[in-house]
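In order of appearance the chains are A, B, C and D, and numbering begins at 1 in each one.
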Amino acid sequence: MDKPYPPVYYSDYLQLDTLLSSQKLKSAEAGHPAHDEMLFIVIHQAYELWFKQILHEMGSVLDMFEKETVDEKNIGTAVWRLQRVVEIQKILIDQLRVLETMTPLDFLDFRDYLFPASGFQSVQFRLVEILFGLRAEQRLLYNQFAYHTRVSPEHQALLKRTEERTSLFDVVERWLERTPFLDLPDFRFWQFYRDAVNAMLLGDRDVVRSNATLTDLEKQVQLEELDATEVRFAAVFEADKHEELIQSGKRRLSHTATQAALFISLYRDQPILHMPHRLLSTLVDIDELFTTWRYRHALMVHRMIGTKIGTGGSSGFHYLKSTAENHRVWTDLIDLSTYLIPRAALPALRPDVEAQLGFRYGS
Amino acid sequence: MDKPYPPVYYSDYLQLDTLLSSQKLKSAEAGHPAHDEMLFIVIHQAYELWFKQILHEMGSVLDMFEKETVDEKNIGTAVWRLQRVVEIQKILIDQLRVLETMTPLDFLDFRDYLFPASGFQSVQFRLVEILFGLRAEQRLLYNQFAYHTRVSPEHQALLKRTEERTSLFDVVERWLERTPFLDLPDFRFWQFYRDAVNAMLLGDRDVVRSNATLTDLEKQVQLEELDATEVRFAAVFEADKHEELIQSGKRRLSHTATQAALFISLYRDQPILHMPHRLLSTLVDIDELFTTWRYRHALMVHRMIGTKIGTGGSSGFHYLKSTAENHRVWTDLIDLSTYLIPRAALPALRPDVEAQLGFRYGS
Amino acid sequence: MDKPYPPVYYSDYLQLDTLLSSQKLKSAEAGHPAHDEMLFIVIHQAYELWFKQILHEMGSVLDMFEKETVDEKNIGTAVWRLQRVVEIQKILIDQLRVLETMTPLDFLDFRDYLFPASGFQSVQFRLVEILFGLRAEQRLLYNQFAYHTRVSPEHQALLKRTEERTSLFDVVERWLERTPFLDLPDFRFWQFYRDAVNAMLLGDRDVVRSNATLTDLEKQVQLEELDATEVRFAAVFEADKHEELIQSGKRRLSHTATQAALFISLYRDQPILHMPHRLLSTLVDIDELFTTWRYRHALMVHRMIGTKIGTGGSSGFHYLKSTAENHRVWTDLIDLSTYLIPRAALPALRPDVEAQLGFRYGS
Amino acid sequence: MDKPYPPVYYSDYLQLDTLLSSQKLKSAEAGHPAHDEMLFIVIHQAYELWFKQILHEMGSVLDMFEKETVDEKNIGTAVWRLQRVVEIQKILIDQLRVLETMTPLDFLDFRDYLFPASGFQSVQFRLVEILFGLRAEQRLLYNQFAYHTRVSPEHQALLKRTEERTSLFDVVERWLERTPFLDLPDFRFWQFYRDAVNAMLLGDRDVVRSNATLTDLEKQVQLEELDATEVRFAAVFEADKHEELIQSGKRRLSHTATQAALFISLYRDQPILHMPHRLLSTLVDIDELFTTWRYRHALMVHRMIGTKIGTGGSSGFHYLKSTAENHRVWTDLIDLSTYLIPRAALPALRPDVEAQLGFRYGS
């Protein structure tokens, strides 16, 4: 199609005739129009519009990272789009404040008419979770039922198909595994790192033992925690220990990918790692914001319906609250903080490695 | 309709099939799909959904206040619904951050396809402004054209019809004019108040004259401001001076309504005035938030398209920036602060008046 | 002191010389200045300033409500000040985003120098919790230690003294207990209400049984929930059942106060109940925002230090996450939603009761 | 200093004894304690703490960029720190909502005691403006007086000294001027770009002329705007035209720096330009947020004191509103949007240039 393009009218472009006539109040149908049902519909429609946008962004990043070789140009674009998801998530959370201007008594004016519809049936939100990397087996049961039993057969099929695709988690894991610099000949980075860690833990033990402000019991508690830390550290260096953690469900990210993510976090000041570091911290942002959203959503539900069953037949509050924690995707990245050591204790990069990590922008 | 009501499915209830298929990218139609056009459509649709909700809330408050006698029960409901508008406005403002994740270069990827569509053509936003109280004659011209010349004939007719209805401004003005306590026999409130004001201004002049840290020039500037303040105060007490200000366009709210609003602001601690005071301050909140929204919107447009013409043919930034200030509705209420005097200088209420303003809730 | 008051200089008034020289970096003292330690100090100082303000507001409301008869004028002021607390809490939550611009690696640059200081030692935040109504016995242990063992003896004494004072919870409970209209002669409100509840539950059971979209198992689950709901309802009507719930730790608010709060929620449209209803919902807002703050704070700590011990020797994340739920104060008010019935099913108020709940503001 | 470091107590570390005793109410001194004066002090102190933090961040970025050769590693750190400024600015803006919980009448309870102190005297905010790049000659007069006449002689001297230093604007301008790739031998980028621009403008004129929905008058208006656009474009290509704009005050950024910024905006997808592009857009974010802050601050002042003179003797609202626009620093970057052309019309980079802009991260 060539210029001049046909003139466009704002209202037609946005399909406002359709959009603005898609709010049908069940309470009005039943002959008892409830003022606040309009808000209930509009806000859920706004949520669904934003879910569509999140799917659009995540899907595009997935496409870029599914390639055998990820084009370096795309890292910048991916970060930008994931940061857009972050901004949208802030809106999702803040919108809860709007919903909370509806009091529980106002909700009761139309709640019965909606039975058994429930936000639980938002297929798009499930798709967002799946694309981001939530695994089917990770999901909590909801009143003894799997999450997809409450949606239509078509929607069930769609969810199952999407679960079989690769997720953002998968493609980022593979991209991390391909990170160079992890295993250069004669560059025994992980051995140096392990020595630095051991030195640090020894120092920490001394600090605890000589801390006059602690009681013996307090010292014991803290020393035990340091022991536990040492055990956790071992898995960073030994692939088989890491594999055990994966088998027992305590880890998900592969050993190689974990080491790569740790390397990026430690040397993120190297020019070539600026954007990879951004990418990882943006994934953590998104994970944290979904967790916050789930938790805030649970609080809102508690406030709105107490501990009665929800429109979908759930005691929603307790269920939702549990998902906040259990449906996280990137805890492995968040837990990385446990394995960082201070810059001052970091092994220096070998000059030839550092050269590969830098570039000269200025002339 | 009686229980049990027919079962409702979330996706049908929200008409998601329609809603989520209402995003047609013009860039895709033209054969050059631009990733960010989806955001552009989705965010504008989200805006329009929220405008619909604001119209729903404002319309319902208008209905309550259009009655000859406003039911006292409804004041609480009105405040609650207007505060919901406030919460929605915060979302409208925050959504601009999402839009700003689209860079100017990304916008250029599809901007040409949208010509001459423009947010300027949002009929719902015009309706919100009209319902809130913006008068047609107050609107700034846009590239020499009135605002309604850019919308379809049907939309023009709808806007004109709405302009002829009463607005929130009108009904609240009339409600204020009916406020009791302003003119009780033998209660010469405004005379007492005027005396208190004069005493205060005399004191302020003394403070300026004796302020050793000010230069003579600074003192002169400040004394002139106090003179101007005195002149402005006169209009509070003299209906004909107030009328002059109305004629010259410096005021809009009637003299009686202005005095009522001032009375409510001064004695808002009296139980019976708690909610009326909330109502007035919520209207000021809404006005302030629309002003903020217009200004932030102008900044966003500046950033997105610089000083080039917009999709609707406007140099939107300068126009939008001017509307921020010129399209305010409740400046009369905001300016009331100019006429407040400290509680300590306030005339005491006559006991019989105070009794009428109170009630006993506790046993 | 009389006018003119001595001239005031902005910088002196705010004691900026002191304020802005109160940031001493431990890392600088140790000879290794860490850029981000400034942020760490400044943000914690900003938090402490806001805690001081919250104490100021809560303390003033406590004073008003400690009186034998709460002056009706003060309800408006109390709501206003508690809503200010709400606005401050939003800042507390949003500030976490600023803190999260410090990466875990940046934190490590100075973390060791701070040992064993910890936000856990914020005495003001403990005071806020106590004033709001958190009971000492409700607090979770922290690595097997009570919360006050980590602060100085003077601070311990201050905390204990404050724990012995009345809290906002106590005074609001007593104010609710004095609510009139609950026990008028010949007005058997609670009997009518109980009948309405029973009718509603019967209807709900019918809806479940006749819902063709549910499997037998799903029906059974939902019917069991309705049985549980009925049991919970009984406590609303029977003081001894309510007392049992209090004894078992499932309730805290007295039976009379609970009934009053329910009455206010149900008839909040009556003019005289507008402000009491606002008061209750603002307390719920504050409780919800503290819960959100604790949870978000826990997520931030997780991200910053992983599962290592915190500067105060705690595995802070798990502890903080648990407090989010366990340190709530007003769950009894939130749970009220469970006991609301739709307006349409509400018993009509007797005309003489309604007359007492109304007032005429308009002439 | 070596481990173990002396134990640190939270309250001592933050100097809370000092911090929390730095709120002295003038109203209390005068014998009429005003509840809300505490908020007034606390919020201004919170502002000053954040200003200190902003100075800390901006100062550190200035240091990095003042070097003859900016270390590439530092670009990432600079962006990170400037994005922290962005997050702080959001808090500055949101805090206004807290201040607005103080009503004008509450402010009057203590306003007289503060005379002539004024937020206008915040030396730190002036320093922030100067460091960011606001020039002394750009500042609007305030009641006919220059901004620094209202502060103490020591503060005046400090401001003048800082004005004589280089600002963030200066160092970023110089860094941009050193951008490579702008003038490679035989790579006539700007000639290609100019041709592309001319083709685009020709097309736009055709679209206007053939747009059947426009009246003749509307077409004329739009064609005149396109003419003006063409004139503005000329300055991008011709250094002397650009110099004229600088002389007339319409531009500030040098011609070379402007071309570099445009180049970065156009080719920001090239790996090596990812971070430079972030840097520029973060500077625009900061500028936009200061502008928003000033405008919101003006609205708050309007609401709080109407059009009376402020505590510092100003009719603050109108002055503050004007500074929102006039005190912008990076309008040249924002105006760049005017000179972008769609990616599809961009000249392709010569392969050897593109190679220099890329790097290979993956193995």
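Note that a residue touches a chain if its C-beta (ideal position, glycine included) is under 8 Å from a C-beta of that chain, and two chains touch if they have at least 3 such contacts.
Note that this is a predicted model, so its numbers are computed, not measured.
Colleague: Which contact partners do chain A and chain D have in common?
Modeller: Neighbours common to chain A and chain D are B, C.
Colleague: Give the label of the chain whose average Cα location is farthest from that of chain B.
Modeller: Centre of mass proxy via C-alpha means gives A as farthest from chain B.
Colleague: Give, as an integer number of Å, the spacing between the C-alpha centres of chain D and chain C.
Modeller: That gives a centre separation of 38 Å.
Colleague: Distance from the CA centroid of chain A to that of chain C, rounded to the nearest Å?
Modeller: 28
Colleague: Name the residues of chain C that each touch 2 or more other chains.
Modeller: 3-5, 7, 103, 112, 115-116, 207, 211, 213, 268
Colleague: Can you list the chain C residues touching chain D in their complex?
Modeller: 1, 3-5, 7-11, 13-16, 18-20, 22-24, 26, 29-31, 35, 38-39, 41-46, 48-50, 52-53, 56, 60, 80-81, 83-84, 87-88, 90-91, 94-95, 97-98, 101, 103, 112-124, 151-152, 155
Colleague: What part of chain B is in contact with chain C in the complex they form?
Modeller: 3-4, 7, 69-70, 72-73, 75-77, 175, 178-180, 203, 206-207, 210-213, 268-272, 274-277, 358-363
Colleague: Could you please specify the touching residues of chain D with respect to chain B in the complex?
Modeller: So the residues of chain D touching chain B come out as 32, 103-105, 108-109, 111-112, 115-116, 143-145, 207-208, 211, 213-214, 217-218, 221-222, 225-226, 229, 232, 265-266, 268, 281, 284, 288, 291-292, 295-296, 299, 302-309, 313, 315, 321, 324-325, 334-344.
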